[in-house]
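Two complexes come next, and they have one chain in common, chain A, joined by chain B in the first and chain C in the second.
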Partner chain A sequence: MTDLLNLVDWSRAQFALTAMYHWLFVPLTIGLSLIVALMETIYVRTGNVKWKNITKFWMTLFGINFACGVATGIILEFEFGTNWSNYSWFVGDIFGAPLAIEGIVAFFMEATFVAVMFFGWNKVSRGFHLASSWLTAIGVSLSALWILVANAWMQSPVGMTFDPAQMRNVMTDFWAVALNPVAINKFLHAVFSGWALAGAFVVAVSCWLLWRRSNIEAMRRSLAIGAWVGAIGLLLTMWTGHGSAVQVARVQPMKLAAMEGLYNGGNGAPLVGVGILRSSDEIAAGGDPMLWSVEIPHGLSLMLDMNTTGYVPGINDIIAGKARGADGTEITTESYAERMVAGAEAKAYLARYNTARANGDSTAAAAYADSVAANFRYFGYGYLDSPEAAVPPVHLTFYSFHIMVAGGALLMLVFLAFILVYWRRRQMLEKPWLHIAGILSLALVYIVSQAGWIVAEVGRQPWVIQDLMPTGAAVSDVPVSSVQTTFWIFAVIFTGLLVAEASIMVKFINSSAKKNIETQN
Partner chain B sequence: MDNIANLQAYWWLLIAVLGAALVFLLFVQGGQTMLYGKNSVGDRQMMVNALGRKWELTFTTLVVFGGAFFASFPLFYSTSFGGAYWLWMLILLSFVVQAFSYEFRRKKGNLYGTRFYDILLFANGLFGCVLLGVAVGTFFFGGDFTVTRSNLLDAASPVISRWGPLHGLEAMACWKNVILGVAIFFLARTLGALYFTNTISAGSAFTRRMRAITGGNGLVFVVFFVTFLIVLLLQGGYREVDGHMVAENNIYLHNLLNMWWFTVTLLVGTLMVLYGVFRSALSHNWYGGIWWAGIGVFLVVLTLFCIAGYDGTAYLPSTADAASSLTIANSSSSLFTLRTMTYVSFLLPVVLAYIIYVWAKMNASPITEEEIKSEHHLY
Partner chain C sequence: MNLPRSVKAVYSLYADGFRSMTVGRKLWALIIIKLIILFAILKVFFFPDILSINYSNDAERADAVRNELTGR
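Take a look at the complex of A and B:
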């Protein structure tokens, strides 16, 4: 069991490493592809060649980043098989379909038209080139759609049933999977956050060149587009983020409780603005989990259903079987201890079903299959040792969530400030402190973006599929030493890749400072 | 069409099509292994840029090949990928380094120098081809694994697919797999040289050199491929009959005889490859070899996949437990998923159409030094 835990931990670490590096590159690809397409549209509509050259400047940065996203993306896809082989079998019937659609619909579109985007300036018409830039941007976003459909399904499994004969889940409703509200919200949240990240990137690079008093007109124009795309993206990210929290309250209440550090809930639950959690041991010993906090009274209840007295269960309440009803009132459901019993029974009935089927006793097999179905909702709890094992790492989830929210709010102020300055006080764009603020916003947006993913993925632990399969049951049968080895190989490659990318970008941006971007690209 | 056996066959065909397209597109990898040698800096620049405009297609085809396998035959995905861990990880690593090498190799500030990225491209060309060949070899020569679905009920050890202790290293040590891997490597080099001949206009010396490489590598490929074919026709395997795995000698020979149309596609494909390669090697002014050889390769690989999986043949025979061997029937997705995915697959002709259209547009004129000099985005 210890070995299995080690294997699970290292497999998770490897997947997290890959996903986090991937998520450094992908949102920039998503957002920058849109910004490049917008700039090229201005060029095609106005015929102003300066815009063509500005487009090429940002397209070069897009290209440097694009390759890194591709490199890390392929590993993620294959790691579902190499490191999570049991998972691949258990839900491959449902999960594989979005991945295949992603390849057929999105990746080929991206791969084909990105070549025209980079190399087609002298080979195709202006209209065809512009269409290629937009198709690349659409392809990039479509890639995000299907992988997020798959990810959302893991957080909120719908449109499937368990087939005891094959010992796996099978899809019964494709549209329920594809149009899962969690998936739609997650997709929009991820894409809009990509706009915000790319907006901050454009603002930061523009500010850097403005600070160096280079290409002032081109960078001011770029900065305006970056700030607008960033502000709109971030506003929409906040909107979908709220939608996401409401959905989390419905389908993953434990994650919401961890996000808020809420151990003991109740009616009119407060929203923590800032806070420091006590250590896990201190919390387990009883008392207030918060060492210090600034809270908005009734804020959490209000946020979930515009009702200041609505019930929100805490971690201890959820373990004890308390839940929030559709109308925001407290209801009683199965406690985690009862879910563990149900999960164990589902597994026991499944074993008996197998025996009956092997013996050719179809009547008994049918009866056991019914019993499996009756208990399958909590199948995953049958793998857990204790109810507490179903609680995610609260501290990491709590701090990540609050860093994301606070950082996002600060970033919005930065975008709005730049929009205001560009609109009403353009002479202020010469102020070095404003340039520094723009440059620092790049670090901020990456911290916010990574924190968001940590909330989404750490907050759902221990589940790889909510309530049905814990990570411990999803791994491959690989020696832990093998996973450790590949973890370090990937860590070295990704870090080397990131450093090289950053170095190339800095060099390119600095070399651009010495020339006129509007005429020399 | 709308029953599970037909849909399984349809999806195996799609897997075969993607696999065949992938092997053809490995000309990118083959080309990457011949950047140095007698090529001038200018030649190398044109070669890299000729390949660089296509590398994403190969890469995407590999990704879609994996995704399609996951969607249609998830038990293969979980058994082979999770079991032959080192084989797939090394394939992945070899392709990961390719993805950024093109973009970074000549950029200022790339930290490690152009030569470093070119070495990575060479490594991708060499190891990517050989290891993909080894992986495809396991379709015929098997893997050291068992599948026990009831393991799922054991909380302490729930993994259903278990591979032997070497986790894919043994597949790399199997000489039969290696023969296929080496054959694919030399095929990729041959196709790479044919692609350069077709795409780059760099003077007669360059073209002569490419034609010589085509002939030399083509010959080595033929030797390894014929050896592989002989080994394959002598190879035994398993066939699923009434739900049981039955051992059968010369199973692939029998498949070729029973499904005679595959013998035809194999022969036609082989002849097209030979024609494309050797006419190109011997001619001074014929540039169409890549298309003859490319279509031929497509047909041959398509045939190999088909005889690996059709007619109840176990496409991943288990050397540890015959009953665990995977067939397209016992490893596929459900009827519902296959049917749904089939509707999506109807988009493939559209995808193929725009790929061909864009390819034709972008390759309308050959790559020259002048064209490279005028290009904004360079590798």
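Take a look at the complex of A and C:
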């Protein structure tokens, strides 16, 4: 058991490392492609060649980031086959289909139109070039859609049936998978957060060059667009974040309880604005889980139901079998202990199915397959040692969630401040402290962005597929030492590549400080 | 052989584009190094697809996963 936990931890750590590295590039690609398309649209509409050159500057930065991010997601697929082979097989074509579509979309749309974007200036018409820039932006977002469809299925599995003969889930309804409300919300949330991240990137780079008193007019214009895109992106991220919380309350109530550090729920549950949780041992011993907190009374119920008295179950309530009904009232469902019994039965029936199949007893096999199906809903609980094993790491989820929310709010203030300064107090754009605030917003937006994914992925633990497969069952039977070895190989290679990639970007930005961007070309 | 004008135009778009790259040359070098590390080293030596290399057909793979998931 210790070895298995060790193996699961190292496999998860490796996956987290690669996913977080991948997510450094993806949101910037999504958002910067939009900003470049917007800038080029201004150029085409006004005919002002300065905008063409500003567009080219940001397009080069987009290209550097795009190239740095190429193939970083492939590593995750390698890990599926090696470290998570049980999971890879179990999900069947449900995961494969969206990823295949993503590969085709990414290759044809991005490869074609990105080439026109970079090589097509003076070779194709203005209109065709502009269309290519917009299609690149759309293609990048569509790629994200299919990845997030696959991810959303893991959080809320729909549109499939389990076939014990194939030992995998078989897709029965493609549209239920593709139009899963969790997927749609997750997609919009990720894309809009990419706009906010790219907005902060443009603000930060503009502030860096303004600080160096370089390309002042071009950077002021860029800064205004970055701040507007960032503010609109962040506003939409907040809106979809609310939608996400509503979805989480519906399909992953345990994650919501962990996000809020809510152990004992009830009607009119408060929303924690800021807080410090007690240690796990102190919480287990009883008493108030919060050492200190500032709460909005009834805030959580209000957020979920637009009603101050709605019921929100806490961690202990969910384990005991309490849940929210569709109308926000308290209902009773299966306790985790009962789910563990159902899961263990499904697992036992699957073992009997296996034996009957090996003995050629097709009648018994069919009967056991039916019994597996009857209990399959809670299949994953059969692997848990105790109901508490289904509780995610609460502290990490809680703090990540609140860092994301607080950081997002601070970022909104930064964007609004820059918009205000640009339109009303433009002379303030010479102030170094404002430049420093803009530069620091880049670090802030990356912290917020990564924290968001930590909430999404750590908050759903122990499930790799919600209720159906915990990480302990998903992991391959490989030596821990091999996962540890590849973890460190990745850590070294990724760090090296990240340094090389960042240095190319910084070098380009600094070299631009010595030129007049608006009169290039 | 005479290539259609559209094919020539596409060819020259890419050929001229690659020739006139500045920052792009470094990026392509980085991409190629990265792909070599990923596919020629990591994938080959460190990331085998366990079920594909250990079992010859899908039925065997299904049996293997069933045994794994009922044995844990």
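As a convention for this text, the second predicted complex is superposed on the first by the 504 of 521 C-alpha atoms of A that agree within 3 Å, B and C clash if a C-alpha of one lies under 4 Å from a C-alpha of the other, contacts with A are read in each partner's own complex, and residues count from 1 in each chain.
FYI, contacts are C-beta pairs under 8 Å (C-beta built on N, C-alpha and C of every residue); 3 or more make two chains touch, one makes a residue touch a chain.
Just so it is clear, the model here is predicted, and its values are computed rather than measured.
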item	value
Three-chain arrangement built on chain A, chain B and chain C clash or fit	clash
Which superposed partner A:V105 touches (first chain B, second chain C, both, neither)	first
First, second, both or neither for A:W423, with chain B first and chain C second	neither
Chain A: partner with more touched residues, chain B or chain C	B
Contacts of A:P164 with chain B and chain C, given as first, second, both or neither	second
Chain B versus chain C as contact partner of A:K56, first or second or both or neither	first
Touching partner for A:F119 - first (chain B), second (chain C), both, neither	both
First, second, both or neither for A:W488, with chain B first and chain C second	neither
Chain B versus chain C as contact partner of A:I504, first or second or both or neither	both
Superposition clash, chain B against chain C - the stretch among 8-16, 26-34, 98-106 or 170-178 that is involved	98-106
Contacts on chain A seen with chain B and repeated with chain C across the two complexes	4, 60, 63-64, 67-68, 70-71, 74-75, 78, 81-82, 85-86, 88-90, 115-116, 118-120, 123-124, 166-168, 347, 350-351, 354, 383, 472-473, 476-478, 482, 486, 489, 493, 497, 500-501, 504, 508
Contact set on chain B toward chain A in their complex	53-54, 56-57, 59-60, 62-64, 66-68, 70-72, 74-75, 77-83, 85-86, 88-89, 92-93, 95-97, 99-100, 102-104, 107-112, 149-150, 152-153, 155-163, 165, 167, 333-334, 336-337, 340-341, 344-345, 347-348, 351, 354-355, 358, 361-362, 364, 371, 374-377
Parts of chain C lying in touch with chain A, wherever the complex brings them together	9, 12-14, 16-18, 23-24, 26-28, 30-31, 34-35, 37-38, 42-43, 46-52, 58, 61-63, 65-70, 72
Residues of chain A that touch chain B when the two form their complex	1, 4, 56, 59-60, 63-64, 66-68, 70-75, 77-78, 80-90, 92-97, 99-105, 107-116, 118-124, 128, 163, 166-168, 170-172, 174, 347, 350-351, 354, 382-383, 472-473, 475-479, 482, 486, 489, 493, 496-497, 499-501, 503-508, 511, 521
Residues of chain A defined as touching chain C within the complex	4, 60, 63-64, 67-68, 70-71, 74-75, 78-79, 81-82, 85-86, 88-90, 115-116, 118-120, 123-124, 164-168, 347, 350-351, 354, 383, 472-473, 476-478, 482, 485-486, 489, 493, 497, 500-501, 504, 508
